[in-house]
Every structure is written in C-alpha cells, then in structure tokens.
Amino acid sequence: MTEKRISHTDLPRLLARLRERGAVHAPLEDETGDAVLTELSSDDLISLRYRNFRLSPKSFLLPQNQVLFRFQDGKEEEPALPDREMVVFGVRPCDAKAMQALDKVFLDGDQNDPYYARAREKTVVIALACTRPLSSCFCTSVGGGPGDGAGADVLALELDADLLLRALTPGGERLLSSVRDLLCDAAPSAVKEAEDRVRAAEEQIAPVKVDGSAQRLSNAYDSPLWASVSQKCLGCGTCSFLCPTCHCFDITDEVRGGTGRRVRTWDCCAYPLFTLHGSGHNPRPTPKERWRQRIMHKFRYAIENFGRPFCVGCGRCIRSCPVGMDIRTVLKEIGV
Amino acid sequence: MARNPYLPYPARIEEVIVENEAGDIKTFRLVFEDPQSAKEFRYVPGQFAELSLPGMGEAPFGIASSPTEADYLLFSVKRVGLFTTELHSVEPGVRIGIRGPMGRPFPWDRMAGKNLLIIGGGFAFTTLRSAIKYILDPANRSGFGSVLVIYGARTPGEFMYKKELEQWRARDDIAVHLTVDHPDEGWTQHKGVVTTVLEGLKPSAENSLALVCGPPVMIRFALQSLNKLGFADDAIILSLEMRMKCGIGKCGRCNIGSKYVCKDGPVFTREELKALPSEY
Amino acid sequence: MTASHEIENRLRATAEKLLREKKVDLFLGYEKASLPFRTTPLLLTAAEEAGRLVWNSFCTVNLAVYLPRLFKAPADAREAKSATPPPKVGIVLKGCDARSVVALIQERQVPRENLVLVGIGCPGVVDAQKAEKTLGEHEALGAGEDAQGSIRAVVEDGTEITLYRQEVLADACLECRSPMPAICDLVLGGPVEAKETDAARRRAAEFESKPPDARWARFQEMISKCIRCNACRQACPMCYCKECLLDQTRPRLIGAGTDISDVTIYHLVRALHTAGRCTECGACVRACPMGIDTRLLTRKLSLEAEDLYGYRAGQSADAIPLLSAFAMDDPQDFLTEPSHLPAASSSAQEAEQARRAK
Amino acid sequence: MQFEGIMNQTQSVQQAASKQAWEPKIVAFLCNWCSYAGADLAGVSRIQYPCNVRVIRVPCSGRINPAFLLRALQNGADAVLVSGCHPGDCHYISGNLVARRKFALLKALLQYVGIEPERVQFTWVSASEGGRFAAIIEKVVEQVRKLGPNGRLAKRL
C-alpha cells in the first residue's frame, strides 16, 4: 500500500475531477461558520478547519427521512434506488467507524436493507484523520483512533502543505487511480510526519474505561443507580439524533387521497412513545428504563450481537446535551 | 435480486368474520392478488406478518391460519388502536398489504413426537389456532403425541373460532377444555381460570411441551401451575407481544436485551425469556 | 452586583440548612459539568453534599422544567394509592426561571406551598455555543469568570483568553427586562438592573421591517436545520403536557420527519402553545443542537401579548393566564368583515341587525 | 377522521379542477350554535355564494386549536376561516372571547413569518345572519383568488 500525496492547492482540482463522476460532498462553512458536508458546485471553497460536524454523516446512508415507497391510487410503487456515485470527503475517523457499525445492522442481517445497501454501495467515503481532537473525544477507548480509517475507503492525513491519501478498500483504490495524474507518491518522511501527528493527537485523548462493559453491565441491570443517573434527563432525542451509530427508526404513512408515501424517519429510545403498545402498556415507562436501554444497547447488547460497542467516542451527545449530561460520567457512575 | 423486505405483498380481504359477542375481534380472510406472492409467502405456525392499509401504516399480527390451509391467510384482529380500528371498518374487497412472514415460529422440530399441552386465553389464541390446525392435518397428526387444549375466556361469547372449537371437541385425537369466568345459561363446561382446569386435569410433563399464549396475568399463573406439574422451563413455549415496526431486526423498537422480538421471537421458551430483561 | 463566588457560598449554606432542617426534601441547583461554559442540574437530597452546588454565569438550565414532573398527579386510582406525598422542593431561580415557576403556579402545575424559592439577581448567563464560536479554532479546556464578570477561558496550550461578556451572553439575557426573580422566599446577592429594556422589541422590529417574502425565506432557512429532536420542547418548563399534540399518533397531526412543511408546523404550533406562557428564558435556544433561534417566534408572541392585552407571562401567581382570560373589549380589528352589506335574507336577520345596531 | 375525509374529497375535486383553472379551496370551521346555523340559513334562504368552502362543524370557536388550522393549510387548503358567535352570544358564555385572543396571536405570528394574512380569517356570524355568512365567504374567496394557491404551508406529498 503506497501513500499518495496531493498539495492543498491542488485539492480543488482533485475534487473537481471527482465531481465528473458523481456528487461530491465536502466541508463548506455555512453563514454561521460551521463546517457542513455540502454537495460541491464548481467554485465552492472547502474548509478543513473543522474539528467535526454538528451532524454525523450517517444521514448519507440512513437519511432522516427515507421514502420506502410511494402510494399511487392506493397501490405501492417502489422507488428507483439512486445509481449515481457519491463521494463524501472529510468524514472524521469516528464517524467512518460508525458506518462500519451500521453495516453490521443493515448489511449483515439475514435480510439486507436495500436502501442502506444501495447508498453504501454508491458512496465512497474519504476520511480525514484528526490532528486536533476535542476534550469530549474518546474514540481511542472504543476501538478507534484519530488515524483509524476503518469504515472509509480512503484515509486522508493532513500535513502543512499536503494531504496524504491512503486507499483502504478496492473502491478507494479505484478512486485514487482515477485521479492518479494529480497525485504523486508520498515520501517516507512525509508519511512518518503524518503518522507522528496522528500519534500526538492520540495522546491528547483522555481514556474512558469501557473494556469489559458487556460483562459489567450484565450485572448492573437491576442497579438502583439507573434512577439517579437518569433523573435529570429531559427526554429529548438530541443524543440519539446526533449519534453516528444510533439507527432506530419509525415507519409512518403520509397519504392524502390515496397518494403519498411510506417513510422511515429517525426515532429514539429516549421517547416514551418508542415502546408504547397499542394497549397502553409501556415496557419502558420512565427515563430510568430508557436510559438503561440506551447504555445497554450501546455497551452490552451491541457487543453481544456484533462484537463491538455502538459508540465511537465522537462526543456529540456530550457537547449537545441540553442539561450537560455526559455519557462518560454515566458509564462511570453505573460501574462500567 | 432479493425482494425488498419493506414492500408488502398485495392482497385482498375476501371475508370478514366477527369472532366475539363484543364485536371487537374480527377475523380477516386474505387472498394474495397474484399467485407469485402466494408462492413466495411460505410460513410456519407461530410466525407473524405486518398488515398495512395505505395511509394507516402497518401493524404486526400473528398468522391465525395454518399452511395446510393453502388458499388463504387468516388474521384475527382486536380493535385497540388506530390501525385496528380502521381495519375493523373495512369491507371485503378492500386491498391490503402483507409483509412477512416474520419471526421464529413454534419449535416444530422439538415438538415432533411430543405430547402437546396448548393453553390459550382470550384473544391470544390466534397462532395457537394455526398450530392446532397444522397438527390436526391428516398428513401431520401422526407426528405428534396427545394434544390437550385448555382455552379460557371471560364469557362464552368471547371465544374465537367457535365452530372449529366444536369440531375439535367432537374429535377423539384432541382434547379441548373450555373455561369461562362468567358462564351464561346453558354453559356446560368449566368455570374459572385456566389454571384451575389445568391443575384439575394434571397432564403429565413427561415427553410434553406446553404452548402458552394469553394475557400477562393468565401467563403468570399458568407458569406457576406448569412448574408444579413438573414442566421444565425449556418445555414451556411462549409468544411475546411487542411493539414492532420493521419486522426484520433493524428499527430497534422490539429490542429486548440482545434479542429482537421480531426476528429472534416472537416465540421464546421460558428459559430463554428468563435470560432476558423483563421489558415486555 | 454581588460577586458570583459570594453568592455561591451563600447558596451552599442555604441549601445545606434547608436540607438539614428538613425544610425541603430536594434541592434543585447546579453543579460543575464535564465541559467548560456549562453546568449540569443537581438534584440534591443530602445536606452534606451541598458543597457540590455552584453558582456562576454558566448556570443556564431553567430548573423549573423539573417541577411539573415532581408534582405530577397520579394517573389512576391505583397509582394514587401508592403515591408518596408531594415533596417539599427548594429551587434556585434566576429572574426568568422565577417567572416560569409563577406561570406553573398559575396553571396549577406546582403547589406554591411545597416550594422554597431561592432567587438570585441574574446578570445573564453564557450561551455555550456562542462562547465556543468566539474562540474560533481553539477549544476551551476550562472556563471561569473574573470579578468584573468577564469570562476567562483556558485553551489547549494553557493560554487564557478573556471573552467580552456582552459577546457571549445568551440572546435572551441581552433582551432581559427583569433579571430579578418576581417571587421568591429569599434572595441571594444584591439587586441587578436590567440594561436595555427594548432590545427584544428592536429585534422583532428589525425582522418585521423586511418584506414578507424575505421574512418567510429567513424563517424557512433557519428551521431547515431542525432535526426534530424535541430538545426545545423538552427544555421548556411550560411544555409539560402529558402527551404533546405534536406527538399524537391517533391521529397524527404532523409527519414524523423533517419535511420542511412538518418542521414549519412543528415550530409554529410549539410557539403558539407557549403564547402568553413563555417567560423568555431562552432555554429552547440554548437546548437546540442545531443553533436555531427558536425565540424568533416566541419573542414576537410575547410582544403581541403585551401590546394587545398588557400581559406579561409569569408576573403574578394570582393572575388568570392570558389565554384563559378575556375582556369584552379585546381588540378584534383582525376580524374579517363583509365588504358589502349582506342582502337581507329574512326578517329575523333584519331584527338581528337592528338589535346589534343598538 | 372526518377532517381527512374532507381533505381527500377536496383534493379529488381539486384534481378534477386543476385540469382547468385553479380554484381556491377554503376550509371553514363553524361553531355549532351560531355560525353553522348561519351557514345553514344561507342555504335554506337560497343565498348564492361561491362553492369553494368545505365546512367543519365544531362545538365552539373556543374548541379550535391553532394546530387544526395549520393542519388544514398543510393539507392543501388555500385558506381557513373560523367563525363563532358574536361576543356575548356564546353558547358556552365565553368560548369565543377566549378564542379571539388565540386567533389574534395566531394571525399576528403567521403574518410575522411571512404568511399572507388572508390565509387565516376569523369572523362572527350569528344563526340569523345567512346573508352575512354568504358575504363573508364571497370576500374570503375573492381575496384568496387574488393571492393564488397556498404554496407556503402546503405539504407536497
């Protein structure tokens, strides 16, 4: 595997070339200065100054609203799945890792999810290694790292003047070879420098104790602490909706006069309605049970089912919780 | 390419049968619109399917018919929520979507050659009907030992499948005991809860499996009685009711512990359930 | 203005005493959060832990949001049987939070006699998102405030950066007219004066001065970021409904997703349901993970309530809530009147008109 | 569900009509005691008024949640009209007076975000004012015709 190199000044040319093959989504700053993964048009100037995006890029694979099919005069009409290739540039390693986790749910089951499968098939993910993690990051404790490309097709590493590109999958190889005239081989010293930067970033990330969580949580199900750790939760869905691995969804119909659609939309286990039965019975009636489900699902059930926690340590839930709850603190309090 | 699991098979409601006196349970006889769908939809008793009406969304229901009834599917539906209310208001001839079959059926491999004790309560008799119908099929009956059915309802009018219950009672290869909380004039069978009947009959746990479906209270007491009779936890088979959406283990709604009721259930042994959180 | 650490000391002593003397079963305050520019609510039951309480410019959450659930009426007779008596609750209140408590008392959601209200004259709280934006590419690893109220942040390399208070205060605080709690049992710290009293009006007027198409475009652009996570609703003390109209599924009022039309209705309905009840604390804005200025709508409704009916939410616990009250001469110039006099259709109608003319 | 039915019906009427020219569709929420009777009187008195209105009868104008009106607009109504008893005449004493405040705020808010004020209209019609009802419908239809279809709040399915 050889690293390729492209200078920052040539990056727009590379993205322009990729645009000839399909849509390219890359970080653009919005009017408030936030970097947002946006479909590029010709003269957009991308920004690499961001630490991470407010919203996780899971929506490229699992959009918040997905039309499953349309109703036309009361009959179902299957939608055409997208056949255009899409490149998503600048995904942080934690979020790429989350895509790998989502693959386990949507691709590894007895039944593949056709919408997810097609989006995943058509999407080439270029991850951008982190050199400046945030204090809310803890990817290194959940099997990831600032230079981990798992889940992505290409890993990009930042240097002062250049970007190093490393293909990780056949799709990534194809992508790089399609623009090989713009790339040169990276010198070993440059590779070493880039890796040093990643290592330096890694050292900044404070560890969180997650190892063995499945075992410890299996003993904590009846812990009285669930009530106290959850008591200040407001029951909004911010943590789930921002989480790159949360994937629970609802299916509803939106129909007027025989015409309309069946859509799936993000849902959240923090909502009381999530498990409410038609009879009025609710197996998870209070925030206590719902928080337990959230933690158990991420740090025990996912490990039992897929061999990995469904948390990539991106820290979005910590930064955005309206009442300042911190999943790291909850894990600690509950004895993980 | 595999079929899109979110796309329902088109079917038509051929017949609507009012099952109980209260009129809030109806059985819908459905026929697929095209033979291809009928061929693809292969199910085993204990499984369920999602029914949908355009604009009203979907809801999961246990399949009440048996695969031995080749030409149609039966679903018995109690009117409780938005979807079931709408379904109750439709007439035969209406188009309906069916997605499935879904879930793990009754453990037919394990049931082969065994004496079967079937305990049902109220409305939760649907998949048990499917099982009984399947067992009593001439091609299958010799594959099982004795069959004892105990079915309880609040009043005689609340039993489902009344005609079939009568037919079964007339047969000698199945014993059917009906019991009600509130008998009316002319009621000649048992009075009281199913557990009383069960403890009176004292079926042997030897070489036996128990299938139990019913309201939570009934299940709780039936389990105690079965314990007394010596039924081991892995010889007691239950079917869970749970809120579900996708039916294929993705949407997360029916997740309990590391299981998804829609694909790992709805049928579980009591032993399996004991290992799960009691979030149902 | 009393320095925040002095208030903090008094607050700890007060909470400790209230809990120790069993005047309250629970004390609602704030404690240090894991990230700078934030605190997290503390639901304190042990007097000896009162030292965990903090008071500073990062105490943003409107704690009144926790009150309705503490005093929830039992759902049925069975619940009523096992219900414990309603707790005595002490709570820290800023000016806006106190107005929320008043509004909750007005709406019979919390019993005044079970509350010990500890008011603090509030010089405004920091909007964490604003503060983080102000630091640009840096991240604060710690933050505090100095005696002048300026915010000090320590960034990655250990340097300290001073943030100008006015730049990082929450919008709602910049518009605040009543920083002093309207009702309370005791006040910690000295009085705080409101700085600018028509800031909200100016902001509303500024938006209103745009042509309708521009207003609509701005509104749509803003809410197009919404992810329907419900944080604005859940953070609002006045959104205590057992089942929100917007969550209802029998039938569903709006779609579950982020179709712009559904998002529009969501925000309009939510704002309308807080009309005359919103105490302008800005909790909804600070809760929004997408940076939506939800107060664009609630600000306007508060001004309308004041201009049309002379009503401000949370002023008096004895007042009838705005939308439960009326006056015969409430303005009604918005009504549609026929453009021509209707043709008389019956003598009854003539009689009616004659009656009205009198 | 009655409401869905009306909207479906309206939609099919609309679809038939759209092949020719656009016609405004107005959903009118009329209180049971005065305005519905007023509309009825307009009918039995054979007073002519445009047929663009679909009526939903409600117990009282005070029963109307602003969300109902927004939902009608979202479902494709070009305007909504609410009519109750004149002040002082409410069957429930003050339902209309409480509603008046709600409606004032709703109208102000919608105007504020850039919705044409004519999309939501309020009025009082008594049981004996068949003529007034017809005249108001005439005016509303005329105004909405000038505005054109409701593009802002209608949901595209």
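Letters A, B, C and D name the chains as they come in the text, with residue numbers starting at 1 for each one.
Rule of thumb we're sticking to: a contact is a pair of C-beta atoms (placed from the backbone, for glycine too) under 8 Å apart; a residue touches a chain by one contact, two chains touch by 3 or more.
Note that the coordinates shown come from a computational prediction; the quantities given were computed from them, not determined experimentally.
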Higher C-beta contact count, A-B or B-C? A-B
Chain whose Cα centroid lies at the greatest distance from that of chain C: B
Where the CA atoms of chain A average out and where those of chain B average out, how many Å apart are those spots? 40
Chain B-chain C separation of Cα centroids, rounded to whole Å: 50
Using CA atom averages as chain centres, what separation in Å is found between chain C and chain D? 33
Give the residues of chain B that touch two or more other chains, as numbers and ranges in rising order. 81
What are the residue numbers in chain C that touch two or more other chains? 249, 251, 255, 259
So which bits of chain A are touching at least two other chains? 250, 252, 254-256, 258, 260, 267
Please list, in label order, each pair of chains that touches. A-B, A-C, A-D, B-C, C-D
Touching chain C in the complex: which residues of chain B? 81-82
Would you mind writing out the residues of chain B in touch with chain A in their complex? 2, 4-8, 10, 52, 54-59, 80-81, 83-84, 95, 97, 241-243, 245-246, 248-253, 255-258, 263, 277, 279-280
Counting only contacts in the complex, chain A reaches chain B at residues 68-69, 71, 74-76, 78, 105-106, 109-115, 221, 247-253, 255-256, 258, 260, 262, 264, 267, 269, 274-279, 283-284, 289, 293, 296-297, 300-301, 304-305
Partner chain A, residues of chain D touching it in the complex: 7-8, 11-12, 15, 75-76, 155, 157
For chain D, which residues count as touching chain C in their complex? 1, 4, 41-42, 45, 47, 65-67, 70-71, 74, 81, 86-88, 94, 97-98, 100-117, 121-124, 126, 128-132, 134-136, 138-140, 142, 152-156
